[in-house]
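Two complexes, one shared chain (chain A), two partners (chain B, chain C).
Here is the complex of A and B:
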């Protein structure tokens, strides 16, 4: 027994020996940004940048692995490492590191928006304001665009740089549906005519919640009544009542008579893939392309949007408070925002996602290249998407819808 | 004569165990099947080429194996020793101690991991593979201790006392009596430990901090894809690991005394 205790002690001793690093004084974001941009780029040469991001989409992963990593290496001699991790986990890690006052963090870049950004900002998990330092952001982006200055109702204040933007669209199988509905009342008519062929994910799901927000926008007098004002349950009670009525109205005609809602977009996509329902939906207007190529969605899949419009949001790159390579992180973000990187992201072969860049600020040749990209038959035209763009509401609506949907629709 | 019980057993086994595994393997080699569209199966290897082209997968497999093996060895040592102590000695507060040994599976592991993360950052174990091994002990050790405790309890103290009277040293007792008798327990512990350790996502992500990438970190985000072929390929790959490690342990068990060694019968 005694030996065992000694053994354990020795083991523990050995274990603690392995990981103990001397803490080095690190330069903070403020000090780094005092330097000129060329100095920042110079000191970033030869360093390693660790990008933590959700890793559940092969197209997105391949854009980083096969395009961004080799090009960044070639241009700046920066080694970019992609680490797959859920954003909630990343924030949890940062939160604990903040508590433990760990200054030499392992995360240099995070992919973030919405609720997560709000949490990170409120808890001081981000390095600070940096976007006004990025040459590419100043040169090619409309820096005052509300899509970049406000993220789900939270002021951005330069703490994250816009990387991409997506819009919500509905998908349908054009072999089975000739004319997709163009408004929510038409959708209701279609659902009643085709019982069991439509459903939407439950409100706890990101996409299901976005569907509900569309209904809420549609039932308000003006969509701006919702997205321009903070959540006030009293003020929107009329609109809310109309929304619940609409949802309860269509419920008996949904898939499985509305007794069961898909728990996630994945479930809905599978139902659509099997032909059990005829419509699916989701953020990223081009997401059907890769699913068609993989043979998951039928080749006749097309997309549509309805009145009053389609909600879109921006997603961002940001630097955590304890990044140990701020120069590298800044250089990498600047690179990701460059027209070349955005063009590669825009092409459908890897990611195929829309770009937040201002096309009219680009050089003529670059603009031509962007216009020449064929995003695929299932993607709506850029004009149509832009005309129907609606901004996100405040993050508080998301939670409120999630709770109320259960009371008003599921339990009715 | 055909025994009806046997027929029922085999048909149930095929229906419930072999059938689903067969479907999984089949799915991993075919395109997503839209059965209601009346399509036939199309064979492909795309899901495996996607799997192999992920640059993290080999590193993740390596770390999963290393961490799984370390967790298993520590589990066997601690489980065996504490199981023996619990069954052979009696002392005050023994039941309290037993309850404490089980505590980690009664409290959510995530809650423990968050507290331990703070501690591990302070002593420099966060973001290291040793830290991940230690945190994987939390959800596995209670089972190992329980299993070994029961196994020792079953064959009782008398057997060991006899060996002691005959003058066998502790090590000899372990080698010639305890380990051969504990084989079934070792098998259960091996399987449980490896499967539990392999499937830890949240605690590996928190303690490993993305420096240590194991299979679930690469694999779990893909649960959100509608591409069932890719999912199936991942699952097959995932299932090969415990299978491989189980084989290694089986081979090691052959080294124990009184084992019928297959190569002897070949002569």
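Here is the complex of A and C:
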């Protein structure tokens, strides 16, 4: 019996011993960034970086798989692995790993912004501040641009690096519609004239929620009343009432009389491609290009924006708290921010997305290349997009709309 | 006696080991539903029981699950009764079980492809002139009555019902039917006195499995459900993965409540069956 207890104790010590060994902290972000940049790049050589990102857009996936992965391999000998996963689920995975105190995580890079960034930052799921270490960010970007320092109202504090910039646009089939509406009241008139030909995704969907924010901006006295102030339900109650009235007003004339809202943008796109509805929308001014090329959207698809403007945001790359390859992650982010990578992303053949880079900081030759890119007929001109640009509101609005929309519109 | 009980535990070990994970999940869910940052609280339950969204969702889920279960059981039972001698052969049996090979969401997609307003059926019917244009096709998917969800589950669970009932029917001695016939009983008497006592325990068990699955599974209602009313699984998923993490405890509370509902139903049927079994052992069926 004593022998048995002795064995048990030994086993217990062994177990705790192992536990301690595992908990030894890996090189943290702070230690890594103490090194010079060339040392960081050197120790990143030959490693594997696992990038977890939302995988619902074929163009974006192809940009990573066909352009970024081979070029990164060639230039830095880094193997980049793309793992498709919804951002909320990535954060859930990190949260679970944090609770279990798992220090050598499987995620090295995440694609993030908005309320996900807020949740990640507030729950300590990110490695820390790193953007001031990235040579390309310092050289080619306007580091003080509020679009990079504030993400849906949350201060970025160097914890994520700007990867891309998109603006919300509506799409329509120019073969069926001659003049797209130019304001929300015109849209209402159009919807009433063409019952069943318009709908928007439910508020829980990213795009559907952005549509609601446009209505909210439109119903405020000034859009800046919303995006310049934190959510105060009392203060905006008048604006909110106008918004719900507008939405309930158009509801009977929506696709399927508003009894069902598409659960996702994919569902709305499908309705549009089948001609059941005549308009769709999306948070990327150039996304129709690749869909037209694939034959999903009709070739006559064009885009439009309405008064008071079009909301745009920046999306970012960040490093989780328990990345096991911080050097590799930093090198990869720096590469993704480089003019070459941004140019390839800007071209319409894969992703076609706008770049957050400052064109006037580029070399003359590079600037020319950017200017020479033809983004396609379905994309509005850069001037028009910039003139109508509206910044995002605080992340709290997203949650508030998600909940209230259900009470005020769906259950009515 | 002692050796019997220790043997029992040995036999139960694999099952218990297997149950560690789900049990851990349930305990975590319960813990998250009653603890906030400041300690023990029942606020989340209070909040949930004041939510109309939850109750309408629960009512819709229970209604949909009961209809889907009842239809699946009835159709499965009728098919087995009609075809069980034939289904004893391998190839027809495999063809019946074929739908079980596909995951539920594949079946859900199939239902959308076939029954949506722009789906295959609508196109075929309008092409042969039964309906004027695909927009006259009834709305069967993403509808507020749960038709799409019910169709998917019935289609998917009928083979499961057959799988469960076939061995029971195969085990009914044919002589029992002869006894009823000799005593002048009709087909209903045959069913009531011969088949029903045999199949009832399996039928109740199958009912329970299908009902709890339909009530809580996520992918089918997420795919072919509508915005409102929504199934509890979809509601709970939205609260869990929604923008605000403050609603996460509510998602756990929903799942705990649903687990309690299922547990109560399971317990009731277990007690009922057990009582019947005891009576049967005493010979008073």
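Of note:
Rule of thumb we're sticking to: the second predicted complex is superposed on the first by the 387 of 412 C-alpha atoms of A that agree within 3 Å, B and C clash if a C-alpha of one lies under 4 Å from a C-alpha of the other, contacts with A are read in each partner's own complex, and residues count from 1 in each chain.
To be clear about the criterion, a residue touches a chain if its C-beta (ideal position, glycine included) is under 8 Å from a C-beta of that chain, and two chains touch if they have at least 3 such contacts.
Here the structure is a predicted model, which means the values were calculated and not measured.
Legend: residue contacts after superposition of the two complexes on their common chain; A:89 is shown touching both chain B and chain C. In the superposition on chain A, A:381 contacts neither chain B nor chain C. Once the two complexes are overlaid on the shared chain, A:97 sits against chain B while remaining clear of chain C. A count of residues in chain A touched by chain B and by chain C gives the higher number to B.
In the superposition on chain A, contact of A:274 is made with both chain B and chain C.
In the superposition on chain A, no contact is made by A:38 with either chain B or chain C. Of the two partner chains, chain B is the only one that A:65 touches; chain C does not reach it. By the touch criterion stated above, A:261 is placed in contact with chain C alone, chain B being left untouched.
Chain A residues in contact with chain B (one complex) as well as with chain C (other complex) are 86, 89, 92, 274, 276.
Listing the residues of chain C that touch chain A in their complex gives 52-53, 117-118, 139, 142-144, 222, 225-228, 238, 241-245. Of all the residues in chain A, the ones that touch chain B in their complex are 1, 4, 15-16, 18-21, 50, 52, 54-58, 61-62, 65, 82-86, 89-90, 92-93, 96-97, 99-100, 102, 106-107, 264-266, 269-270, 273-276, 291, 294-296, 298. Interface of chain B with chain A (complex): residues 31-32, 34-37, 42, 46, 50, 53-56, 81, 85, 114, 117-118, 121-128, 130-131, 134, 202, 205-206, 209-211, 213, 217-218, 220-230. The touching residues of chain A, counted against chain C in their complex, run 86, 88-89, 92, 115, 119, 123, 202, 204, 256, 259-261, 263, 274, 276, 395, 398-399, 402, 406-407, 410-411.
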